[in-house]
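Which chain is which? They are A, B and C, in the order written, and residues in each are numbered from 1.
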């Protein structure tokens, strides 16, 4: 899709073809040099949690002091899953031969030896905890890039409330990124309550800075969910400015700014954050969270947010799983997806991801 | 198997080996330039029907005027299965972004655009409806070869009745063709009621004209199923002349001519038609139908025919699935099937199919 | 792992890496020139038994005279599983076309031919029955090497009793061999009743003669299971000398010699025999048997032995299946298992198996 093709009003020229050479697709290697959500903070406890991320089998737990730990879930000795072991102080004990590993992956004890040998160790993964998020660095463990952490004070500050959710998705993570930058599916996938005709025809302003895609769109006179309207006492008509950015393959940050017709106008902020963590090339952990700076402590608004997210994002999951299943099944190899104007943001994103994947492959040839 | 080997009475020379170079087998590419049964007419309705044929994911539905439609079941935009959408007049509407496609695969509407772009289209498949059969052309959609349609007036004419059946078979379709040209399995697979000792030793006359295999065999003094005998009032003894032909990979036509001992003799015709439509290389849609020119309107004979087909053809399915499962599992790679005289028709067929597949590959190198 | 690495007391040098070039692993081709346990004698009856061994689909049955028979479970004619057929005298009858095969694999009858053709035959497998064991030769059927049969008079002699057990294991068979030469997992996998601290730190004496690995260890003052102690009236303290040897990939023979403190001392023998028969590269038939020369006819000791084996060996199975599942799932390809001193016997074994596999590949290039 050339630039004119996206902007011309001649619709017969408004359709292009996805080009695998230029755009990331489900065969693009997963990118390691990023922070991904490994788990919700509340999932990481004194009971080992097994989770596969970017293909790696990983075990998560907390030290006695509460520090989150992530290790390769494969005993260095005989490949037994450490997640089936128990914790002994800050160490995880393999349930096959009793070998103990420290939070840094070094060996703390081998029952049959006099001391803990240095050569016996499992890879550890750098973690950073931010409010409900436990971020994991999947690149070189000796060089986590903290500048790549997305700062999200609205999930940690006292003037904010948030809710969270999760679903497992049998689909490549890129489809979710495309979906999130695309308002035009709202009325078809999410039904009349969420998707208005305005969505299908909406043309967000999109731009890319470096490899970060930004999109924004203003909707005037939006209809609020009744629960939400009641709880917030916003005065109609209400305008909603939606701003989106995708700072990394691991996170899509949506910001909604609601401005009502009071005098002076009330302004409410919501952050709707989506974190697709690839499990494998064809499956994804979908973490999402919604933060707000109003109706603080209001449990009905919490419940409304949770129900909204659970319903809408599950509808997206069903769509993306249906596509993944079809692609795996369909035998026609002459197919190439077409792109239209509403895909502008998604296409910029897939191009940015293709560049990032190529850069990573160039910088780390062979392995991580 | 050389010709002498098939005809000598020295049984130690009557056994040959299947030669993959000369005979089609489960690795032979499925043949596209033929009309296959896509569905029973009654299955194609105003509710989209998803069906995989020769590997292609296909959606079938009817226009408001009742015309059957087959499209590639993959939205040209984002690969969502169209079969999960709804019909809007004669168009099918994708349930992801609301893009609408016409019966010819052209785009009728894209919600976010002013008009329907020509470049946005899905492949359509030529269909022909014949009585209960909906035939689909899987070759070049611009060049359906109507001469290849098998004419079957006994499924549409007023002096005939028919019943139909279907089963899904987890096996390559060639095994079914072999099975159908082989009477010798009757007593072992279908039991005493159907298979007589005469079947195991029967030697049909077989010949091939072009690529069409013909077989015929006369059985004297056959025993009829009691229901059937009662309904038709045929006078024993009854002779049955069975004639078979395989005009394409998609259809095996069996014709049974029953002649009784009345004066003058009554002659009853039955057509037993088997249509194996490959779903994938290892699975098959098995459509079958039985037409008769007697006992018209007799529902007990309908029921008897349906029960006969459902029982017998399900027994064949079980056999063919057991073989497919064994072949997939067995680790010995020194195995080569042996052939004997009763395989004569099947071997002629597999050779004809091998020639047809080679011709198709030569004529359409690369793709369809 | 070099030899010094295994013997030094400096634990930081006591850890090595498995070397795929020198040690058999799950990718090493299964070895055919050995006798494997195909079944328990009581499983082989006049009802055909289907079992996959080293990838081959095999059918087992007995002649009218009681002779055990093993044939390739694939009719030479159309690949139908013979195990779905019936026996007719000493022949097995294919349920597709009624072709009959003799115990030696030759054809006994083809319904459509006048005689049984010599070219129509299925491979047969040499079998030897020894007490409860039915051994199958998986190499060249014309050259079974009877010298490779492990003689086990304690399973056939009148002064011995035995019990047997079986479990199916979704794991490569090598892990079981490693597990059996490794006492150090006892307290972690089998719990306090079986595994003592002494096991984790035990250092058996190991040696290899030719390709046969031997290990032995003496445990003083062992605690016996209460049932066992009561039935045998051994006087504490009791010493147990454990001797193990692995004469082939198909069998691990454990011998336990219990000596009590009577005057003169009583000496009890137990043979604990493990026979891992590879089903495929990733699954194993695990046959085990325990023989004893005391408490003869004592059904409570039988029950205790059976319960001990069923519990302990099922625990091993769970461990080995968890490893197999992890290895299949884990995406990290930079992993290499580490070895420690307690692996000494296992490493000698994996090296011996690597040599044997290489010798077999050199002697029988291509096929069996």
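Operating definition for what follows: a residue touches a chain if its C-beta (ideal position, glycine included) is under 8 Å from a C-beta of that chain, and two chains touch if they have at least 3 such contacts.
Computed from a predicted model, the values in this text were never measured in an experiment.
Homomeric contact subunit A/subunit C: same residue numbering on both sides for under half of the interface positions. Rotation relating subunit A to subunit B, from a C-alpha superposition: 120°, rounded in steps of 5. Centroids built from CA atoms put subunit C at 48 Å from subunit A. Shown for subunit B are the residues in touch with two or more other chains, of which there are none.
Listed in rising order, the residues of subunit C touching subunit A in the complex are 9, 11-16, 175, 178, 182, 184-185, 187-189, 200-203, 319, 322-323, 326-327, 329-335, 337-342.
Taken in their complex, subunit B has these residues touching subunit A: 52, 54-57, 72-74, 76-81, 84, 94-98, 110-120, 123, 280, 367.
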